[in-house]
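The same chain A turns up in both complexes below, where it pairs with chain B and then with chain C.
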Partner chain A sequence: MKQDQIKRRTLLRAAAVTALGSLVPGLSARQMPEAAPEDPTKVPGTPVGRLGTRSPFEQPQKKASDISARSPLQDFYGIITPSDLHFERSHNGVPRIDPQKYELLIHGMVERPMVFTLKDLKRFPALSRIAFIECSGNFRSGKTTMTPQEICGLTSQSEWTGVMLSTLFREVGVSPKATWFLAEGSDAAVMTRSIPVRKGWEDAMIAYAQNGEAIRPEQGYPARLFLPGWEGNTNVKWIRRIELSDQPFMTREETSKYTETIKDGKIRQFSFDMDARSIITYPSYPQTVEKGWIEIRGLAWSGRGKITSVEVSTDAGKHWHVATLQEPVLDKAHTAFRYGWYWDGQNTEIMSRAVDDTGYTQPTLQQLVNARGTDMGGYHLNPVTAWIIQRDGTVLFKPEKFR
Partner chain B sequence: MKQDQIKRRTLLRAAAVTALGSLVPGLSARQMPEAAPEDPTKVPGTPVGRLGTRSPFEQPQKKASDISARSPLQDFYGIITPSDLHFERSHNGVPRIDPQKYELLIHGMVERPMVFTLKDLKRFPALSRIAFIECSGNFRSGKTTMTPQEICGLTSQSEWTGVMLSTLFREVGVSPKATWFLAEGSDAAVMTRSIPVRKGWEDAMIAYAQNGEAIRPEQGYPARLFLPGWEGNTNVKWIRRIELSDQPFMTREETSKYTETIKDGKIRQFSFDMDARSIITYPSYPQTVEKGWIEIRGLAWSGRGKITSVEVSTDAGKHWHVATLQEPVLDKAHTAFRYGWYWDGQNTEIMSRAVDDTGYTQPTLQQLVNARGTDMGGYHLNPVTAWIIQRDGTVLFKPEKFR
Partner chain C sequence: MRWNLVNCRRVNISVLPCLLVIIICCNRPPERFSFGRPATQREIDSVNISITPDGKGLPPGVGHVAEGKALFIAKCAPCHGPTGTEVPQYRLVATPNDTTHAKAIGNYWPYATTLYDYIRRAMPFNAPGSLSNVEVYHLTAFLLYSNQLIDSNRVISARTLPNIVMPARKWYVNDDRHGGNEVR
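For the complex of A and B:
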């Protein structure tokens, strides 16, 4: 092998045959939070155990405020969100619930009001589905030093398992006159939302499992309402009661909150569907890049169906290129996308936009303002997100003013 | 509502309207490992946090021996195995590796031997894939009181992300004359296996992520070889070296071990593919069932392709019924199946058999014995697994003698 053949990429360091001996042993000691042996082959490893753990060198975390905690989207690979990193939003903390005492009441406009224990729920036919849940207030902006987690970390994806609500509806005999149902949680906020009955017949689920195991406490243990594609707060956690009615219940969470101001002083209520969206997670702030080939990576999703394409621009929106979507592309699910880009080392802006199978294209912030006015609230904002790539390889968020 | 209408299922307890007030408060106190409040709506919950945790009422665990730890298949829902419950098999423990110091050497019959850091690997085009890994020695039998975890818990499934080995093969310029490569781990066993080069071109991956985050230490942190559908030990963890050659290396792990005795004293070597298999995980020992409708649930998988059908027998193999497969049905992946069965309360045996898209049908133990003889070793045993359902609702494993 000749040294001068080793030139294909600056990122690859060739190993001369004479250097082979030094590859594993002899690495210089470094200051690390936890030391690893110089040569791991010379030290017996840790025995197998009953529960695995993360490497001490990996410490992904949610970013928590008083009421919510955001998923570190920039740390993710693929489409599954690790359960302990699933975003969290609660209205009065996470209740502790004994699964042996858990009960779900379904009553109101039904033939047979019933109470279901957790064991009851698990005896019905089960269904699993990989899909996202996203908070309706999932957009922050304002400064250039914001990460994907800070901008829109209130979305996460799991494989959810449970019983279809339609199965329970048939069991209790929901009246054909029922048009709405109340979903009530057993948290200290007694979170309540009114949901159209059609969603219950369509694809709503009472979920008791997440990513292969019992649902996590922050996600509604032992059972939650799961409404694929609908804003997070309607997916009522720790659900204890469903009441069928012929009108919405006008709870606090749908009158004082979770409504949006639109143009001409009007207010939009019961805006359930989460519109198509995408974000580039690599490169993003505070990562840095080097001149040459870069695989731009990100996530796209739509509450209305499947992602049909993601387009990427590397010249501030002048030209758009079709990204590759990672299979499986699932309905109402985070979908990973990639686009290979040769960065010439100049200042530029990169961004992505998602298209779903309803034909909807993710709007720019300006398009949102044009449609809904400058007074639009903080909900259902899904603008194209741009990253500024600077000559020195640093990456900054491009915050846009809109109010 | 009339009380006499409440009769559809014994498992469902109806709530008379007059009883509504007592549904949530007033539950009787019970001895539990950790107490939950009588009425969770009256107690502010736990604040949101940086990392979620399991409910204290849920404590799934692997079952560990000195060298391996088995996944609790009976506790799983859907197709994703929680990362900390992924089965484990190591040959001298789990090494601690500093990701900053990690290097993978590819050399031998290549144009340009190269060393790749973890950062290098992540810069290449990435791919994600949901697929299982199964230990070749994944069958135990012998007594009726065995769980799915004990019988075949050495299989688990993750969404794996990494760089295709074919990409690295092109990078280093693998010689067209190379037919095998050595995969070497940096654990204290320096685990080594010879792998046909065609697998490297086909679908082998250097995986650095699992279920959305960095790969777990027990699974090869920071990077492992992932050979979809091939026996677990060939998916060399903590991989540090790949050497291309025109012959197998005849390492200890493919001469003294991981070979199978077959008929007439012959021995099978390099039997990589894991054949189609299934197991009913509900009902299984030590669960109990009640007379009436039962949703039989289980997992099926094949290292040779997709599962095309799973058949279930509820009368000891006399008749077989087609089970429902849960979408997505993925290539070389655990696939969840379900079959609704009305149990009449009599003694019987239930079992499942998987069929994959090569046309292969999971054999009985007797068929395996007929094909390979009574001296066949402990590897690549994928027999139909039967559960005995007793009149009292208890469920027992049906162990069959074969040597």
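For the complex of A and C:
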């Protein structure tokens, strides 16, 4: 086993060196903050600059593995993920694409196959929408010393701006007989997913901006597919081609991967919607708390609509209380919640569960196991997440065994 | 004087909705903007590498298991192991009596065409897009053979590949959840 792991690491490192470059640039350059002056009113401050900076006392970071980097959910305030902390998952690195040379081809079952430059895309009516994107393989467990970032940091939220795909569909004259389209990226994985045309007409977007600036390379610069509420992988980044068809293409990422085993040996495919979910981000590991009033805080979201309520339990699930939702409560969007709690200093467990406007309630891991079997795959797991509060004020994740 | 005022009002009231209608009409986006340019067949063909399960899009050429084996040892084994079983995370082979619970081509992939498509677009990982169409056929043949899905003398081509029955195919179901008060 150990040898296998070494082997894997070695091959990945080889792959990384050849294809990805250094996987975690900047991490080694993590600096200690310069000492602040004794009295900041007695020395001139830093002059104005061309780019804003984060206070050196704040060092939120993504947590990178070989294939992905997770958002530090525990460090967030409000609902927008700072663009440089947006989670990352790619299948063979981040490509460097010249915006002058960028083109999007739309062809297949259309009246007029067309090519759009980035400039063309920006001439169309622009829309903005705040919504989350979440990787469907977003649940880790196994030990008590895990942060929200480590458990489910593959979700982030931005304001995305772009042209609605329906506008482009009209432009090319999509055939009424087309039922699926292939979205293809121009990365080294030439990522492809088949998407029902219905989603294209409904609310799909070709996004070229994120949080007020051009989309970041890690998120698909210069343009990506954005499918509100749908599993991250379908939001094909660096999109170069859309092919309309009357059948799905059954690419590797919708068969070998991004499918989940459920009961009776069945394998579920095209699980697009991200199920409602929530997590308490404060208090969470490795934070510590003191006896007295604690504002429990967290994030809730659903790929099917709006969050209608979040319930919080402070006694290991025996009783549930309605948390306050922070406006704005948006469709298919991270929603902040809070619940004021007086902690009496005794051992306990706290947890949250989200309810969305379809009436779906976030399940426990046990409910998921009961529904899908012990062989259930790792995709689309959205269990209630519990934190153990110990008498000394330390907070630990409560891992549950399911395999 | 009085009459005038009334008349004025009447005119205003009747013209206003008309004006509104005109304003709304002129602001409605057109059906087409005529941005972008028509794509030529040549440029479509140069990037259209997709393949459907019925074999549409498969290029000409034939693949043989023996040639595929040699290519695999040279170009794929460094990462996947000489038989495609040695690296658990990137295991490519799972035969029907496999006991490792690994999900691989033989026991999890529903379509053989996917194998051709994926190798051509993404492998080898460190040199994607470097294989010729025929090399991809050879490798596809070798991997199907290694997973005990074809005999060693079977030739793989646009004609034969879509007909290969993948054992896992029968297990696939579409997601039919729509939210609501149920866990599935």
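Note that in this section the second predicted complex is superposed on the first by the 370 of 403 C-alpha atoms of A that agree within 3 Å, B and C clash if a C-alpha of one lies under 4 Å from a C-alpha of the other, contacts with A are read in each partner's own complex, and residues count from 1 in each chain.
Note that a contact is a pair of C-beta atoms (placed from the backbone, for glycine too) under 8 Å apart; a residue touches a chain by one contact, two chains touch by 3 or more.
These numbers come from a predicted model, not from an experiment.
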Could you look at A:R304 and tell me whether it touches chain B, chain C, both or neither (first, second, both, neither)?
-> second
Would you check which partner chain A:F181 touches, where first means chain B only, second means chain C only, and both and neither mean what they say?
-> neither
Once the shared chain is lined up, is A:L105 touching chain B (first), chain C (second), both, or neither of them?
-> both
Decide which partner touches more residues of chain A, taking chain B and chain C as the two options.
-> B
Is A:S65 touching the first partner chain B, the second partner chain C, both, or neither of them?
-> first
Check whether A:T259 is in contact with chain B, with chain C, with both or with neither, and answer first, second, both or neither.
-> second
State whether A:L330 touches chain B only (first), chain C only (second), both chains, or neither.
-> first
Chain B versus chain C as contact partner of A:P44, first or second or both or neither | first
Name the contact category of A:W238: first (chain B only), second (chain C only), both, or neither.
-> first
Between chain B (first) and chain C (second), which does A:D356 come into contact with in this model arrangement: first, second, both, or neither?
-> second
Which parts of chain A are in contact with chain B and also with chain C?
-> 8, 11, 14-15, 92, 105, 107, 112-117, 120, 123-125, 171, 188, 190, 240-241
In their shared complex, chain A is touched by residues of chain B numbered 1, 5-6, 8-9, 11-17, 20, 23-24, 27, 30, 32, 34-37, 40-58, 60-69, 75-86, 88-90, 92-101, 103, 105, 107, 111-117, 119-120, 123-128, 130, 159-161, 171, 186-188, 190, 208-209, 211-214, 216-219, 221-222, 238, 240-241, 293-295, 297, 326, 328, 330, 336, 338, 340
So in the complex, which bits of chain A are touching chain C?
-> 4, 7-8, 11, 14-15, 18-19, 91-92, 105-107, 112-117, 120, 123-125, 167, 170-171, 182, 184, 188-190, 192, 240-241, 243, 245, 247, 249-252, 255-256, 259, 262, 265-273, 275-276, 302, 304-305, 356, 358-361, 363, 367-368, 370-372
Chain A partner contacts - residues on chain C that touch it in the complex = 29, 31-33, 35-39, 43-44, 47-54, 78-79, 86-90, 103, 105, 108-111, 113-114, 117-118, 121-122, 125-129, 168, 171-175, 177-184
